Amino acid sequence: MRLVAPALGVYAPWVSDPGTIVSRVLRTRRATLRLVESLDAEDLVVQSMPDASPAKWHLAHCTWFFERFVLRPLGIPPLRDEYDYLFNSYYEAVGARHPRHARGLLTRPTAFEVFEYRRAIDARLGDLEGTPDLVTAEVATALELGLHHEEQHQELLLTDIKHLFGQNPLKPAYRISPQTRVRNSTPPPLESAASLQALRWLGFDGGVAEIGHAGPGFSYDNESPRHKVYLAPFTIASRLVTCGEYLAFVLDGGYLQNDLWLSEGWSWVNAHKKRAPLYWLDGGADEVDPSAPRIFTLDGVRAFDPNEPVCHVSYYEADAYARWARARLPTEAEWEVAAERGRNAGLAGGINDAMSGHLHPVAVARDAASETSRSGVPAQMLGDVWEWTQSAYSPYPGFRPLDGAFGEYNGKFMVSQMVLRGGSCATPRDHARTTYRNFFPPGAEWQFSGIRLARDA
Amino acid sequence: MRLVAPALGVYAPWVSDPGTIVSRVLRTRRATLRLVESLDAEDLVVQSMPDASPAKWHLAHCTWFFERFVLRPLGIPPLRDEYDYLFNSYYEAVGARHPRHARGLLTRPTAFEVFEYRRAIDARLGDLEGTPDLVTAEVATALELGLHHEEQHQELLLTDIKHLFGQNPLKPAYRISPQTRVRNSTPPPLESAASLQALRWLGFDGGVAEIGHAGPGFSYDNESPRHKVYLAPFTIASRLVTCGEYLAFVLDGGYLQNDLWLSEGWSWVNAHKKRAPLYWLDGGADEVDPSAPRIFTLDGVRAFDPNEPVCHVSYYEADAYARWARARLPTEAEWEVAAERGRNAGLAGGINDAMSGHLHPVAVARDAASETSRSGVPAQMLGDVWEWTQSAYSPYPGFRPLDGAFGEYNGKFMVSQMVLRGGSCATPRDHARTTYRNFFPPGAEWQFSGIRLARDA
Amino acid sequence: MRLVAPALGVYAPWVSDPGTIVSRVLRTRRATLRLVESLDAEDLVVQSMPDASPAKWHLAHCTWFFERFVLRPLGIPPLRDEYDYLFNSYYEAVGARHPRHARGLLTRPTAFEVFEYRRAIDARLGDLEGTPDLVTAEVATALELGLHHEEQHQELLLTDIKHLFGQNPLKPAYRISPQTRVRNSTPPPLESAASLQALRWLGFDGGVAEIGHAGPGFSYDNESPRHKVYLAPFTIASRLVTCGEYLAFVLDGGYLQNDLWLSEGWSWVNAHKKRAPLYWLDGGADEVDPSAPRIFTLDGVRAFDPNEPVCHVSYYEADAYARWARARLPTEAEWEVAAERGRNAGLAGGINDAMSGHLHPVAVARDAASETSRSGVPAQMLGDVWEWTQSAYSPYPGFRPLDGAFGEYNGKFMVSQMVLRGGSCATPRDHARTTYRNFFPPGAEWQFSGIRLARDA
Amino acid sequence: MRLVAPALGVYAPWVSDPGTIVSRVLRTRRATLRLVESLDAEDLVVQSMPDASPAKWHLAHCTWFFERFVLRPLGIPPLRDEYDYLFNSYYEAVGARHPRHARGLLTRPTAFEVFEYRRAIDARLGDLEGTPDLVTAEVATALELGLHHEEQHQELLLTDIKHLFGQNPLKPAYRISPQTRVRNSTPPPLESAASLQALRWLGFDGGVAEIGHAGPGFSYDNESPRHKVYLAPFTIASRLVTCGEYLAFVLDGGYLQNDLWLSEGWSWVNAHKKRAPLYWLDGGADEVDPSAPRIFTLDGVRAFDPNEPVCHVSYYEADAYARWARARLPTEAEWEVAAERGRNAGLAGGINDAMSGHLHPVAVARDAASETSRSGVPAQMLGDVWEWTQSAYSPYPGFRPLDGAFGEYNGKFMVSQMVLRGGSCATPRDHARTTYRNFFPPGAEWQFSGIRLARDA
């Protein structure tokens, strides 16, 4: 179950094909560049909060990852020595680094220089295609990790730009109509569901189940080993909580009733004067116009579709909403078992893809025909919004971090964070999988995070 | 498995005997007073940090709990209206309250007035003994909760006084020799083990196990319902980590190696310049005199016994120590299964008792004869130090909080906290049990918290 | 003009009579003890904010001052070595000290021990009366400084206790009727003025004037040397601003109009949500009942007399009020020149005396007869409230700090503070003088600080 | 002495020539653009600390000032409504505004749009040249204030860019060799003095003197009215303190001796771990290489000339240095009287000019011939570094702020700030004058601030 690849002489739970990995890496890196096509250099440099990074930093850091962990072991010298200091994120094992909160001060190197950096490293990576002898299993393993690492940063780049623009009183749009390249154009019409799929409770028997990654494809170390868990019988919602449903919670005074909230969540609500999710523009129960609430999106400000999934809620909000709805959040094991059932039924869900179109989660339309066939299978499991679970982020039994600096990738964050599952509309298509464990502190709200309900059976 | 007592018309997982509960309550409350006999009024009023409370506040709050939840429902008016505001801790359901961080500003009511308050409420509780009709099942249920609530505050009172005295450059002793009542007398000689029990790894097979409280005795709601879990095979240490062992970690530069620490723990180490546990007086690797390190205890400053369990470590420290020792912390389920085996073997461990003597954890002496007989049974499980587990504090499957204000007792803290098990030397004797779930944030170090190691089998 | 006494071989601007200084010191110290007669030990230990100190600390620190600067140079060993660390305030020259913000953690030494400390040091000081040879000019100089130092702390003790009690929701009274010694008794009836003295503007010609202390009596180094200043013609108010006048400012929206405030003051108003002075209980313009506003005083809560001087305002408030009243605050030179004229006319003002009665500023009654005779002479200059001036605290031309540790007494605070003049109702009688320069940061409001207006002529 | 121009119907202490003011404004605005020629768009958008502003914001804010206070009263509508909110700095009278600390989040409007904004407003201002009827005295008055306002921001733009680049580990150079336009070129050789002018103490008799602006040229309201002051006899240094002299203070342990510092300064030293001035790169006494200390300048990093004036020191450092040197800082009146003597001797000093060359203060070379002729005249009074005075920033007697929103320009900052005099190498040439009162809080160090000593005669 656990694969030990000889990559860099270290343990890794995946094996990559040396023959194709370089071209896959370069394709992924081209996709990254497309994400910043509509941005100005100024948009790339600013850091909107300590938790976010400038887009330029994402571009440089992913590049540094390949330079540091693929090229340097091959004896290729760094392009500029100081990039080691500037673009290391948190790998203590490879040296000192620029403080995270100060990433936004780096007007130099300029975006132009960072693009040059990318080109230079891509050229060196491209050279590997012509020298297959160099692409050993170890090198392929590191390249594969770098590819997935870059995909993760693609999503972070989008959430961080959204946060930056969301702080701007002008509320600019990130996305521009590709045809016109005119800024602030009208956002694309909402793909609103004619009628919403009714929420059904899908039942699962209790008993011993298995969760975790079972090779041979790529997965992070924190998804292994696949292992048994015991589940009590439970039911899970057939779809995500919608904006309309969440609006009912807001209008019912959800943010004003302490008994709906965890103690820490209630402090958070009061400290931040929260009355509605991040990016809802009308500021809470008293002010929300129930007939036409507005939200800020990557397409700018627009009315919201009551049928689209609610998004950008913190764990505290997800938990409070669930309590209000006389339900709870699923555990990550429950979620994975439910997702597996869908996958086995051949219904992976319509993945939104940051590269190809949607950058907001869309509603599930009622479809009488398919509903029959899919009864018992949950929708919107992958690629809509990250779904908060009630599971704290902990090691799986038998967890073994990658050796060396790669071991810092996941393991050292296993405290004070909650697990989210499923991937979002901003997650690259092949980065979403049923065993993927994302994690954020309970107060994080700038990710595309939403709510699926569960109940004890 | 889940008991539904008619207490106050609400769900509770215990049933109390109305015939004895009042006298048990009053006995517990007398024990509380004995804890403050050696203190001056000044010691009772000061709050040493926001997480701690003044001893006077503990004395008053426990009293208010009985007044508010037992006497008021019986129609007995409050002694002073303003105590509702001053001595409510966190029960949002019963009204506004004095801010936690400002408890130390309350020089009035004076300690004298608080003792009067206790006497008055005790008298009213005592009256219930003469009117058994009033002690319905509901009232008995509330009295029982109040009793255990008071026991919890007995331990907190001790940890908070220890913290207060620990901040004082004079490092005063809390405990006074009962014979002499002379302050700052020589502390009692250490009961040092002639030779330490060697650490053995006790094995447990994997499979489905049951954890959680199984009546009919008292337990908190968070210990229910008893439920199945799946455990992978594991081993657990036969005893706690000692001060001597922890000193080796310190001297090996444990606080200076980032790869031993969780990311959040490493930030904590650097922010607080930690180099040794709280109450170790010689400040870290460079300064600790390995031949005679000193610690601050409730008996004042003394040399430490290398064989006594290490105490007052945070989760971050416990986790880092375990990584250094090529082990890990147990999950709470593993811990409970191991503790149950010991209990079934009739070996509950020698509980230290705050009421009767020890206020520091003591070493486990080697005893060749007993060692044979006890092989396979872990020592020091109950009543030495609280043992950090790697489990975040979450609801058990099927968890149901108590109804009404009592529901705030445990459930609303189920995020951002880690579970500790076993009870400490400061825990009242009948307050320690194998299913008890204590919880604190990972940075908490002023509780009597220590380390037991575990490993994957 | 500048006196150089040989005290301790150092410069000092005063000369003391060795024959009487010891008995004067002991009398002052007895007065200090009378200030805490009505307090409980708990009241003595708590520190209500970092700027305030516990009463016990004041009692010990003043004692330490005599021990350290009078007795130690005479070869008398300290009572307890650790008191040097615990009770040094800010004298860097004599060693490390307990952090100011942590003074409230010192439940030990107990108040009982501190009273013993006072008795022991007083006994040693008393011994000096029998050995006049020891009381050299140097020793007399240090004793004199210690006496005035203790008087300063008498006032601080009162303001700090008032702040502590003001934070308590019970709003306890500090003062007890001397007859009954019954706590929380009715406060003494207000000595309200039947009719208020009308505010008149007293004119002063411009030109060169002299300010600063002119011996031979005691003064602090910061009052010297006496020196010339040039004043433009000005007028100054014949009395202090009253609560009734300030209430008009509040009711006119004074706290809501940014153009009345300094920029830093406007930030202060908004950060603290200020709507009325500290200790006004009804919270601002919307809530103040103009017919019966209430204030917290050392006698507990009472209605305020509209004719009493407004008190406990910050510099920001004083400055904003003056702007609203189309006036300004006086400079310290203007204030001193005006006060000197009154003094020369034999009208030092009715000094309230913390030792003998009033602990709140009282109104100036109209008195037709005296008004004629006093025309041109300002009232309430000494002993009512400290009067904010528009002068920042700076050295006088030719300022020379005392040598040695005494040099830290005043000089090192000469930045970011504003000068207050006149003494308050809590200032000991012989501690108020026209040349005295008190100083506090502009946001300080817990001192007895009020407002006198001035205008360009 | 005080001019009352009819500008905007309000009081102002200057009169402008309507015939030339527009062209002078436009010339000044062109100079602003030259300051950013060498910067990238990314450099323009980032805010390095709350006290600093992005260069783009300076460019837009100065433009808004003309739009809001010149064009709008003439009935010309704003270019974009939202600029009122985004680019108002602190004028409460004209409405709400974007929070100062969040100026760096405004990636939109882009620099391109801001340059367009400047062009549009400049065009509208230029139109006024063709319609002289519109340029009434009121309009000319507002244009004049706008011109000087823009000059102030020219200097702030330089100090803020220097701070931004100083935070960057790459330590980029702002200035580019105009010939080559190659970034990071070698900085221009230092114009080092072959031999330093020896420091002489220039004497001034005491007595009544006059300070303050005496028309008819432009001055800010805070420089009026001209008024009498009384000065005690004093001496003032013939030149500024040099880097070499300050280095001696550093090497003598100046930052380690508490008795040299104001109490608040000592806290500042310890809180910030200061061991040398801002932009000295070798970190304090232990690390400074006395033979070749390095500093960061707008030309990048270079060795320092021991003869150049020390720069970027806080008030605390200036005050501590003076105490170490057995001197003091001058009062602003002393400084002005000394500067006037130089001006009357026709020796205004060689002003460095941000527009034309030097952006660092330069040394005063010994010149035997001129020294004789200049004996008694201080050098480096204007245009080298801002010189901290010991005067807190207060209103002059008779001070009258400009009416309306312009009244917020200076008056509302008159607390908690110290006055600096003389202008710096970054001050536009015609913006430096002997009566100019600059002001910053005592901890400010990112301005070009240095030290001139004084002494009591």
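The letters A, B, C and D name the chains in turn, as written, and every chain counts its residues from 1.
The rule we apply is simple: a contact is a pair of C-beta atoms (placed from the backbone, for glycine too) under 8 Å apart; a residue touches a chain by one contact, two chains touch by 3 or more.
Just so it is clear, the structure is predicted and the values come from calculations on it, not from any experiment.
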Ask   = To get from subunit B to subunit D along touching chains, fewest steps?
value = 2
Task = State, to the nearest whole Å, the distance from the C-alpha centre of subunit A to the C-alpha centre of subunit D.
result = 48
Note = Per the C-alpha centroid definition, the whole-Å distance linking subunit C and subunit D comes out as 39
Query = By residue number and range, which residues of subunit A touch two or more other chains?
reply = none
Key: Touching pairs - complete list by chain label   = A-B, A-D, B-C, C-D
Query = What residues of subunit C sit close enough to touch subunit D in their complex?
reply = 90, 92-93, 208, 227-232, 234, 258-259, 261-266, 315-316, 319, 328, 390-392, 394-395, 397-398, 407-408, 412-416, 418, 442, 456
Residues of subunit C that touch subunit B when the two form their complex = 40-46, 48, 56, 82, 85-86, 98, 102, 104-112, 164-165, 167-170, 172
